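Lettered A, B and C in written order, each chain numbered from 1.
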Amino acid sequence: MIGMFSALRLILQRELLLSLRRPDQLLQPLVFFLIVTTLFPLALSPQLSLLRDMAPGVLWVAALLSSLLSLDALFRGDAEDGTLEQLALSGQALSVIVVGKTVAHWLVSGAALVVMSPLVAIALGIPLAAFPTMLASLALGTFTLSWLGAIGAGLTVGLRRGSVLLSLIVLPLAMPLLIFGANATDRAIAGVNPAGAMYFLAALCVFTATLAPFAATAALRITLE
Amino acid sequence: MNSTFTAPRVDASLDVDQVHVWRGDRHVLKGVSLTLRAGELLHVWGANGTGKTTLLRVVCGLLRPEQGTVAWGGRPIGAQRAEFQATLAYASHEPALKSDLTALENLRFAVGLKRPAADAELQACLDRTGVGRCADLPARVLSAGQRRRVAMARVLGVKAPLWLLDEPFTNLDLAGTGLVSSLLHEHVSGGGLALVVAHQDLDVGLAVRRMELDG
Amino acid sequence: MWTWFYKLASPPYVYRVAALLAPWLLAAAALLIGYGLIDGLLFAPPDYQQGNAFRIIYVHAPAAWMSLFAYTTMAVAGAIGLIWHIKMGHAVAAATAPIGASFTLLALVTGSLWGRPMWGTYWAWDPRLTSELILLFLYVGVLSLRPAFEDQGRGDRAAALLALVGVVNVPIIHYSVLWWNSLHQGATVAKFGRPAMPGSMLAPLLSMLAGFMLFYGAVLCQRLRGEVLNRERQSVWVREAMKS
């Protein structure tokens, strides 16, 4: 039997290879992110001074919704072609598989979102000075969200209309991180020290990343029965 | 490809005792028991819907039975899940391949999680099951029969003492059926254990125990 | 002592005992709620700040408390089912979920009605009401997840896991919403002012709370009997019971 870290590395390789073979699946949530942020100026006002006030909220809600889209696919592909069972039977702890898949998923979706966020930030009038906080908070937030989504995806992957249930389950759980993340960005825009909100966000991230793997693994076991 | 696995553990034995499984209202498995020792092949057969696949999933440890136990080497599999699963190779109804990966890449990941295996060895497994030429083709362009052969190559590559095969002859032509039969023969006469679910008769060239599941 | 516990896990026993308990619980609940309502609505002194409108606290506060209590009960019962594979645990969780959701809805409606005379609007994103709303979403999640599975057992286990994840998040959600609201406070305090509680106010409130708790117990017994019958419909004792 191979060791835990070799297994993790192998899973990461597998997931990244699979993602690269399907670039359209990578791009779609990112485009969705852009589209959703475009909706707000169209619905409200093109004035940057007004948009700036709403910018953190718009940014975060758009990030949340597009993450949900990509999270639905976390386990679905493997469940549909039977490889999820094989992974569960690989002799590796299922939690190792789950950690590998979730981290890989964040790398190609959450991290991609963070990289794209400056584009959206400029469009919403967020000043450059706020960018570091915005990027850091989005990185922490999307990582936390990947873990919450892993739990939801684990529970709903085999179900009809599973993606609707996934949103129903994950969004209420994601409200705290929305509060802290948007607030941190808001403070940064106002020129106020965002440390308080960032600490809460970081604490939430650590808490979730520590406990969620167990919950997501348990969820997958229930699904695999 | 000589012996299909290294050395069988002396305590390689599978004991399933009075397993009951309900799926919703249906009593799918009603007190099923079986034993399997090294060098034995058990053929499980029965009509559709009699729980053959469910039985395999219970033996794998994917499905926890409401009553009854499954033991490997005398110990319940619940207490040694990861180690037990490392000693088995499960081939389900579907070939379980990623359609975007090549046959070789599929094996690299599927086998690689269980044991380190060089590409040359995986290529040899593919050659043995007659799909060596497909090594660099994405699984989605392979025919159903070729995919089934790649799945068998994975079973070979994993080098596990216990084989759990669900309808391994599906989509295979005469040559393919002969291939799987000879692989089973090699595995079992080399001391391996095999539990095969199949609705047709097995012609493996060995004494085969049969068990019927009735609804 | 453990035999009592094992009995509790036995469906026919639960079915019988629930039938015996329910009428008593309902009667006691009716008494306590009756006293609480009469005393609270008619006799307790009006709050010097909020006048008579605050009286809705006699329904709102117990409802809110029960909504949290029910969610915790649901999570604990589900955990018992999940960890020790005791089917009655899942039955209790399944029976509790709709009751808890109803309490949540009641708390939200009464809270909104209370808000009208206070803030001039039916909804002002008060932190406690917002937390209650998010709790309602958590309930809806659990209520939607269980029936989505074809197999009852898997649905129970999935719902139990979700309830556990939810119960861990409830304090986090509560405090983050409180924090969020405190940041955006204007000069006017749009929060539910907690009136000081002299004994004459406290007694009917506690009575209402106890009454709600017993009412929950009574409804739980009834729903539990239904759940038990449904889940055990294949077994011999149910078929016997249905014949008689």
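Definition applied: a residue touches a chain if its C-beta (ideal position, glycine included) is under 8 Å from a C-beta of that chain, and two chains touch if they have at least 3 such contacts.
Since the structure is predicted, the reported quantities are computational estimates derived from the model, not experimental observations.
In terms of the distance between Cα centroids, subunit A is separated most widely from B.
Chain nearest the geometric middle of the protein is A, using mean C-alpha positions. Averaged Cα coordinates give subunit B a centre that lies 49 Å from the centre of subunit C. Annotation: 32 Å between the Cα-based centres of subunit A and subunit C. Annotation: 37 Å between the Cα-based centres of subunit A and subunit B. Among all residues of subunit A, those that touch two or more other chains are 225. Among all residues of subunit B, none touch two or more other chains. The multi-chain contact residues of subunit C, meaning those touching 2 or more other chains, are 151, 153. Across the interface of their complex, subunit B is touched by residues 1-2, 6-7, 10-11, 13-14, 17-18, 21-22, 77, 81-83, 85-93, 224-225 of subunit A. On subunit B, the positions that touch subunit C within their shared complex are 22-25, 27.
Put simply, subunit B touches subunit A in their complex at residues 57, 60-64, 82-83, 85-88, 90, 92-101, 105, 109-110, 112-116.
For subunit C in complex with subunit A, the residues that touch the partner chain are 134, 137-138, 140-141, 144-145, 148-149, 151, 153-154, 157-158, 161-162, 164-166, 168-169, 172-173, 176-177, 179-180, 183. Put simply, subunit A touches subunit C in their complex at residues 151, 155-156, 159-162, 165, 168-169, 171-173, 175-176, 179-180, 183, 200, 204, 207, 211, 215, 218-219, 222-223, 225.
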